[in-house]
Every structure is written in structure tokens, then in C-alpha cells.
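These notes open a run of structures that come right after.
Next, two complexes with subunit A in common: one pairs it with subunit B, the other with subunit C.
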Partner chain A sequence: MSLHRADPLDHPDVRNASGIAFVAGYAASVGLMAIALMVTLRHEMSYVRFVIAVAILGGLALLAQAVLMFRLDLSGGQRWKTISLLLVVPLFVLSIGLTGWMFHTLYPRTMLDFMQVQGSGM
Partner chain B sequence: MLVHLQGAWNPWLGRLTLSQIPYHSPIVLGAFAFALLAAAPIVGLMTYYQKWGYLIREWITTLDHKKIGVMYIIIGLVMLLRGFIDGIMIRTQQLLADGPRSAAHLQAVHGYLPPFHFDQIYSSHGTIMIIFAVTVVLTGFQNIIVPLQIGARDMAFPYLNAVSLWLTAAGAALVMISLFIGDFSHAGWVGIVPLTELPYSPGVGVDYWDWALQLSSLGTTLGALNLITTIIMMRAPGMRWFRMPFFTWATLSTQTIGLTAFPVLGVALALLSCDRYLGTHFYTAGLGGNLMLYTDLFWIWGHPEVYFIILPAWGIMSEVIPTFSEKALFGYTVMVAATLSIAGLSWAVWLHHFFTMGAGPGVNLVFSVSTMLVGIPTGVKVFNWSLTLYRGRLRFETPMLWAIGALFLLLVGGLTGMMLAIPAINYTVHNSVFVVAHFHTMFLVSVFGIFAGLMYWFPKVFGFRLDERSGRRFFTFFSLGTVFVFAAMYTLGLMGMTRRLDYLYNPHWQALLIIQEFGIFLYCVSVFYFCKMIYVSIRDRAKEAHGQDVWRTSRTLEWMTLTPVPFYNFAVIPVVHGRDAWAMRRDSGLTATSPGDYEDINLPNNTIVPAMLGALAFGFGFGMVWRIWWLAGLSLLGIIGLVILRSFADDRGFTLTAATVRRMERNHEDTGIVTDHISPPVAELALFQ
Partner chain C sequence: MSRTAHRLIGPEEPLWAPHHPEADPVSLHTLGFWLYMMSDALIFAALFAAYAVLDHPYNAAGGPQISDVVHPVAAFIQTVIIFTSVFAYSLAMVGLKAGNRAFVIGGLVAAVLLGAAFLGLELRDFAVLIAEGATPDRSGLLSVFFVLVATHGIHMVFGILWMLVMIVQVAMKGFTTAVVTRLLNLRIFWMFQASIWVCVFVFVYLNGAYR
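Right after this comes the complex of A and B.
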């Protein structure tokens, strides 16, 4: 409930922080996202490989941020952050899932050759 | 890597040339003159009374949540006025450009606005009203009231709070400057794809819209993080979850939506920026792009944003109605459950914004049902407010009038929303002004809630009440304006008038268009009474000064502290023993008690860094819009450098001793936010001493 501390540097979040881990997390996430951008710009992969590559890079960037930058775990200071991230998962599933279903029904109705769009390069 | 654009570009000014300043347009010149006339007296008075130092020391550098909230509200009201003027221009153009024989003025073939200019005006109207007016004002209320309602001295992250404000201000400034340098997007507030793609919008208008939204959405996301943390971590001892005031619950639900939904907008816009700047094809028709993906992503954010705007207004209504009914909110626990379920459902209804795109009937059915489900908790709320009114000792002072008005509008907006949730009806009225009238009704619920909150909490923050007489006239003319504009608009929608038309082909709509314009005139009269209300209230502030419980029947903790609220909020953090903590104390005769022992209070120092970050963010946005790469790059480096530099500052705030607090409380010294009786130190001043 109430949490009043005079010195912000005594806060568990601050005590838990590590400069090296923060820089490493920042560098890793920026690097991974830059690679994803380059992959997108080059148009060299097939559609399916491209989607898989970008998803893996995105997942790694998320992991780098969660582990290195935010140091998420179930300790008292970090519990709420970890739960916040977990609470986003249902929204993630909901939005991606319903979007996927919507496009699955949309393409046959609006695309001349929807299989080519969905499966190009397979 | 960067997309090569046709036209002039030079390394120093990018795409910016003298011809981009629309001094040849009489309307823009008029707007410029109006802005000068409005700003001149303010600047003159500030200079005459030598208040620039006060402005910087007490406001620009402040980390006080109340002052930040007030600045949010001022920005929001200024943008509300700008959006309202856009609304007048839209309605007037449609009235004048009705039928082939309609007259032509200025540079238009029909009416007085050329189509490209008209398109910019409806785009800026929507963007401003939703993102920079209603959202911003409501964020201001949440900033001011939530820490007071939970018995905290400030937000969890006061510095981050100021950063959020200045990022929002940077976004608003980008929208405003687009009026005088370049032009604004013509692709609607939703950014219709592929119209926002470079081949169809090669100018800077879409970029202004894009970066303004990016900056403000970043500010809103950080603000959401701050408010959620504040509510979870900063509650006073004894304030359990189900003892929290209802407005705080509404804020928690709202900001959870904000924290989860705004990043989606950020992603949607970032991908659009990649298309426009780097030549990717996320939303193009070819090379693997999918222009329908933008619509999907935009509304994944867009519909939760609707509840982001509505829920705080319902929170305000839930504070105002019990106060002026002189009884507790009916069904508190059910109201909390209803609010949380609306927040959850807000994530599962977005596709009803594009039923007509062509998805299968199963998909439309699911989203139709989920949209209708929202009606259940909303209906619960309406019944609970009604049952709070039932057998209450009702007092129709101005906050209550606005709250009742909002309740009525919610019925109209909610029922038309249920109609639109049915795909068959949606197909019939899609893109008609019936839809426009529906969502304006819902946004007006928020606006009515905002004015209820303004009248209700203004005396708590500033120490004096707003003038009741002109306040009632403001309410009357605003409500009448709403009836005339939107009753006519619903009818026009059912008659087949589509939205965003700069020229109307059907002369038979003329009578209803005149009724709409008359409603706009009534709105203008209401603006006059709003200004009069502010003027009279400031003039008579000594007469209207009040004690801590201005309305005498308030129920929540913010009414416990002094009026105006001291900069430290509470001399001693209160201990809460039940729901409606202030009403409990009043009923037990404990309102006049003062603490036996005072304690030292630690507060943050003021700092100029957040305002500098806002200025640099504006520089970055402006540089990106005009492709002035050195400006954008230097601004970005400046932001990163300042953030790193600030992280090394060993700033532990300042301490107000118990003896000082005791003296101020017992002598009733004015420690409200408009006095500089005791100023928090500015951290950076130490560097120059």
C-alpha cells in the first residue's frame, strides 16, 4: 500500500539497477531492432522467412529489455513490473489473434489471388 | 536509404522555403492576426508586471502535480478553442457550399474554402479535439485530483510527470505551427491509408500530423505509467482498494487502457514513418504491404482511446452526482466492476469501426456482440447514477447541471452506438454524418464531464468558486447549441449526407444546415459566457473564497486539506478508516481537528530539464517534418545527453521542516499554487551560484 521514502536512491528499483546491464540491454535492443529494420528494407527474404526472422528478432529484443534493462523477477520491488508484462500477454493474443482471423476472412473477399498474398515465396 | 523527394531541399533548411509560409491565404493571415491579438495582451501584461521570472521559476520548471495538471488543462482549453474554430469553419463551409448555385468566396469554387484547405481543417479538427483537447484536459484533472484523493504528496515520479507534460506540449505546438508554416494533413484525423503514403501526400502535412501524434502519445504513455504507479504505491495508510474514491478507480482503468493501447498507435505511426522516410512498404498495395493493416492497427488503439476519454468523465460524474445528491454513490462495488469490465471490453470491439471493410460475417458477428456487451456495464452505470439521484437532496448547482447533461447525452450516444453495433445498420449509415453525430455525442459526454469537473474542483485548486450566474448561462447556451447542431446532424445522416464533404450536392438539406449553423452560433454565445465566468470569478475572488469543503457535502479525501491546496498537499498524511473518508469525518464531527505533531516534508526541487526535453522534442519533430536532418539529429542527441546527464544528478529535493509546516497551517498562510510565498528551489540554480 503506502510507500513513502525520503531518499529515492534507497528504493528497491534503484538498488536493483545495474549500469552495465542497462547499457547492454539498451545496446542489444537497439541493435536487434536495427537488424530487423535492415531485413525489412532489403526485401531479400521470402515472405514466410521474413515474418519468422522479424518475430524472432522482436522476441529477442523483448527478452533483452525484460532481463537486462528492467531486471524483471518476482522480488518485492519488481513484482508489479513482471505482472504488468504478463498482463499484456492476453491483450497480445487477443489483438494478434482477432487480427489474424479478420484477415483470413478478408483476403478471399477482397484479393484477386489471396493465396499468392498469404503464401508468396513459400 | 532515405526516400528521394522531388522539389527543393537544402542542407540547412531542408524542404523549408519562403513559399511554404501561406501568407497569400487570407484565412491563414486572419488566423495569424487573431493569434497575435490573443497573445499580445498576455505578453504585455507579463512584461509590465515583470512576471516572466515567476512564470519560469514557479510554472515552467515545476514538478508539482497540481501545477502540471493546471498547465495540461490550459493547453487543452486553448486547443479546444482552436478545434472549435475549425468546427465553425467546417459547418459554415457546408452551409455555404450547398447546391450547384451556391455562392463562391475567396479562392473557392463553392463556399469559401478550397477542397484541400477544407480537408486540412476537418483533419486538424478531429486530431486536436480528440488528442490535444479532451485527452489533455482529462489528463490534467487526473494529475491534480488523484494524488489528493489517495492522500499522497505528489505523483510517484514527479520528474517523469513534467516530461510527459512537455512532450504533450511539443506535440500541440507542432499542430499549431503547421497553421503558419507549411500545411496540415488532409487525410483525416485517422490518417486514411493510402492517402497518407508519400505518393498521395508528398507535402509536409501528414508528417506534422504523424510527429505531433507520436510525441503526444509518448507523453500519454509515460503519464499512464506514472498514474498507475501512483495509485498502486502511494495510497495513504488505510486506503484499501475498495476505499478508493471512484474517480481514482476510473483513472486506474483509464490509464491501464492508455499504457496498453498507446504503444500500438506508436507502432502504427512508426511503420507509416518508415514508409514515408525509408521507403518501406508496410501500408502500400505492393511489395508485401497491406494498407488494411494500418486501419486495423489504428483502431486497435482507437477504440480503447474512446474509453480513455470517456471513463475519466464518468469518474467525474460519479464524484459530482453524490455530492449534489447529498448521499453516497449507489452500488460502488458494482460501479468499480463495471468500469474495469468496460476497460477490458474496450480491447475487443475495435473492428466495429470497419465493419464494411469486407471481413466475413463471423468476424462481424463477434465484434457486433462484443460491442453490444459494452452496453451492459454502461447501463449498470446509468442505473446507479439514477439511483444515486433517487431520493437524494438534489442541488442543481453548475457542476450538477453539467453532470446531468452528460447523463442525458450518454443515453443518446449509447443508444445510437447500439444501433451502429448492428452490422446491417452500420452498412446503411457507414461514413454518413449519422456516425459523426454519434461519436460527437459520446465525446460531448466527456466535454460535459470536463466542465462538471472544472466547476467542481476549480475552487479546491484556486481557492474561490466560479461565478454561478454566468456559469449557468454558459451551460444553457452550450446545451442548446448541442441540441441544435446534433439533432440536425443525426437527421442529415439518416437522409444520406456523407461525411467530410466540402461541397453538398443536395439543396434540400439547406434547412437542417441552417439549424446546425444556428447551433454553432449558440456555442459561440456559450464561449462568451465561459470567458465572462472566468473574468467575473477572478474579479470577485475575494467574495467567492471558501474553506476546505467548498460544497459542504463533498465526500472524498481531496476536500480534507486546505483550500487552496498547499503545495505539500497534506500537512500530515491522513489515515483512512473507510470509504468516502471526508464524509465519514464530517459525519463524525472531526472536520476541525488538526494534527498534534507535524513532520518534516520532503519535496522535489523544480528543474528546467523537462521543459528543455520538450523543446528538444519539438525541434526533433520540426526537423523530421521538414527533413532538416541536422536539427533533428542535434535535438535527438540533446535529448539523449540531457537524460543521461540528469541521471547523474544527486538531487534529493528539499525539506520543509515540521516547524515551518506548523506555522503555515496555524497561521493559515496562503500556500496555494498561484502564490510564490514559498518557492521550491530550482535544482539548476545551484550550478550558477
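Right after this comes the complex of A and C.
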């Protein structure tokens, strides 16, 4: 056991709490999701443009949360959390994207009546 | 326990000073928990992948389409509630920084109440769908919809239970190293729920409503 004793409230993970950053993160998250809702309700874009628009808005909301709420940065205390997140995000996107792509190319080749319902799908 | 009881004793540097030769137990625990949450994110990735596969009219099996079961405005209200709950927890962390026990407990109570409101709305939505015959066993599409949304909801339940435990621990033990470490881990867990909900809201509710 360590002979060192220190106030846990002086730990960098505690000290990085910032009321201003939390307010900014909250406002950015709510605002970006409100814009995404408006884009959805207006229904004025093609489906592909809509997907790109809401993906960008969602990505910005997640970025705002990572930086302003989680307080991730490249400081000594947060560096490995930031790096691990940056390494997980591609896995997250690829596992969803590749699985979806694989099955949506598989459906037309394996399901005889697929073409009858394809028109109302993606 | 009072703050002064934790003040530096003995060696000249605090344990969490940069380049301290000994391991910092708080950082070790929070990094370990952070890595656990990254693996939890991949569980959601698997569920989102299943949703991407089954989100097709073919998999509705003649039953309701996704556009029939999602309501983006109601989901946006849930979104604001969960963001506000996370914001309340964040304010509790500002209170922790100041060593204010009442502020921390107040923030945790607000986060619990808002989290419970979020879950209440989710359960009401599920009840309405089930009453209309849109049950999880109706089609593959509905199965994955219920599993994905409910998995997030179960995380919320555990987060609320954890917060209730922490309210008691903060009140009884104060800001010991163990309690502060648990509060920091719970901060990661609770904020993570809001980030996953952004994906659910965009990928399921908004995308589903645009068809």
C-alpha cells in the first residue's frame, strides 16, 4: 500500500469538471438534435441527403459530448481514454456498416420475393 | 470524512501528480472502467448491425413498418430528458470539485428523477405498441427494435440503481478515495448512456420516421 496520501478531490479527473463546458455541451447536444428533428419533420431532402445530414448532426453531437461533457483531450490524465475512443469508433462504424452492406447485397440473391418489397425499403 | 483528513501526508508530492513513480489508483480504476465501456459500445454496435440488417420491409413480415412504430417528437422529448439528466450529473461533478456534499447529492437526485422519467416514457411507448399488437414476436424488425431500445433502457436502470447507492455512500462516507473513484466511473457510465441514445435517436427514430 502506498505511503502517499492525497485528497481525491485534487485528482485531475475531478478538477477537469467545468460548469461552462457542461452548459456548452448540453446546449450543443440539445441544439443539434433539435436541428436533426426539424430536418426529419420537414421531409424536404432525398433519403441519401437526409442520412448524410443527420449522420453529420449526430456526429457533431457525439463530438460535443466527448470534448465538453467527458472532457476528453490529450492531457496526461485523459490521453489513453481519447486514444482508446478513437480506436473504438472505426470498429463501431465498420461493424455496423459492413454487416448492413453485406446483408443488403445478400437479400436480392437469396430471397425470391425481395423485389416486391424493395421499392418501399432503403 | 473531512477533506483535511485526505490532505497530503508524508512524501512531498500527491499520488496523482504527473510523473509520480507510484500507480495512481483513481486513474487506474477510471481507465479500466472506460475500457469496459468501450467494449459495451461494441455490444451496441452488434445490436445496431442487427437493426441495420432487419430494418427492411421484408423483415416486417406483413406487420407494422418502422415508420409506424417510431414517433420522433416523443423521442426528442426523451432525448432532452436524458441530456438534462446527464447535465444534472455533470453539475454534481462541479459540486464534487468544490467538495460540496449537498450539491453532489442534489445533482444525483435530479439525475435519478430525470432518468426515471426517461424510462417511464419508454415503458409507456412499449405498452402502447404492445396494446396495438406490435409485440416483439410479431416480426424480426420489431424484435430488434425492442431489443435495441430495451438494452439501452436496462443500462439506464442499472445507472439509476448505481446512483441511488452513491447517494447513500456520499451521505454516509463523504468524499473518500473509493467514493470519488466510483462517482467518476458512474459519470462515465451515465454520460455514455446519452451518447448511445444519440445513436438510437438518429439511427432508429429519425431514420425510421423519414421513410
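As a convention for this text, the second predicted complex is superposed on the first by the 90 of 122 C-alpha atoms of A that agree within 3 Å, B and C clash if a C-alpha of one lies under 4 Å from a C-alpha of the other, contacts with A are read in each partner's own complex, and residues count from 1 in each chain.
As a working rule, a contact is a pair of C-beta atoms (placed from the backbone, for glycine too) under 8 Å apart; a residue touches a chain by one contact, two chains touch by 3 or more.
If you're wondering where the values come from, they're calculated on a predicted model, not measured in any experiment.
Novice: Of the partners subunit B and subunit C, which touch A:Gly76 in the superposed model: first, second, both, neither?
Specialist: Only subunit C; A:Gly76 stays clear of subunit B.
Novice: Contact-wise, after the overlay, does A:Thr105 reach subunit B, subunit C, both or neither (first, second, both, neither)?
Specialist: Touch status of A:Thr105: first partner only.
Novice: For A:Leu62, is the partner it touches subunit B (first), subunit C (second), both, or none of the two (neither)?
Specialist: second
Novice: Which chain, subunit B or subunit C, is in touch with more residues of subunit A?
Specialist: C
Novice: So which bits of subunit A does subunit B touch that subunit C touches too?
Specialist: 2-4, 6-9, 37, 40-41, 43, 47, 50, 80, 84, 88, 91, 95, 99, 103, 120
Novice: Going by the contact rule set out above, which residues of subunit A touch subunit B in the complex?
Specialist: 1-4, 6-9, 37, 40-41, 43, 47, 50, 80, 84, 88, 91, 94-95, 98-99, 101-103, 105-106, 109-110, 120
Novice: Touching subunit A in the complex: which residues of subunit C?
Specialist: My answer: residues 3, 6-11, 13-16, 18, 20, 22, 24-27, 30-31, 34-35, 38, 41-42, 44-46, 48-50, 52-53, 55-58, 65, 72-73, 76, 79-80, 83-84, 86-87, 90-91, 93-94, 96-97, 99, 175-177, 180-181, 184, 188, 191, 194-195, 198-199, 201-203, 206-207, 209-211.
Novice: Would you pull the subunit A residues touching subunit C in the complex into a rising list?
Specialist: 2-15, 17-19, 22-23, 25-26, 29-30, 33-34, 36-37, 39-41, 43, 47, 50-51, 54-55, 57-58, 61-62, 65-66, 69-70, 76-77, 80-81, 84-85, 88, 91-92, 95-97, 99-100, 103-104, 107, 111, 113-114, 117-118, 120-122
Novice: Across the complex, what residues on subunit B touch subunit A?
Specialist: 1, 229, 232-237, 239-240, 259-260, 264, 274, 278-280, 287-288, 290, 292, 296, 300, 347-348, 351, 357-360, 362-363, 366, 573, 602, 652
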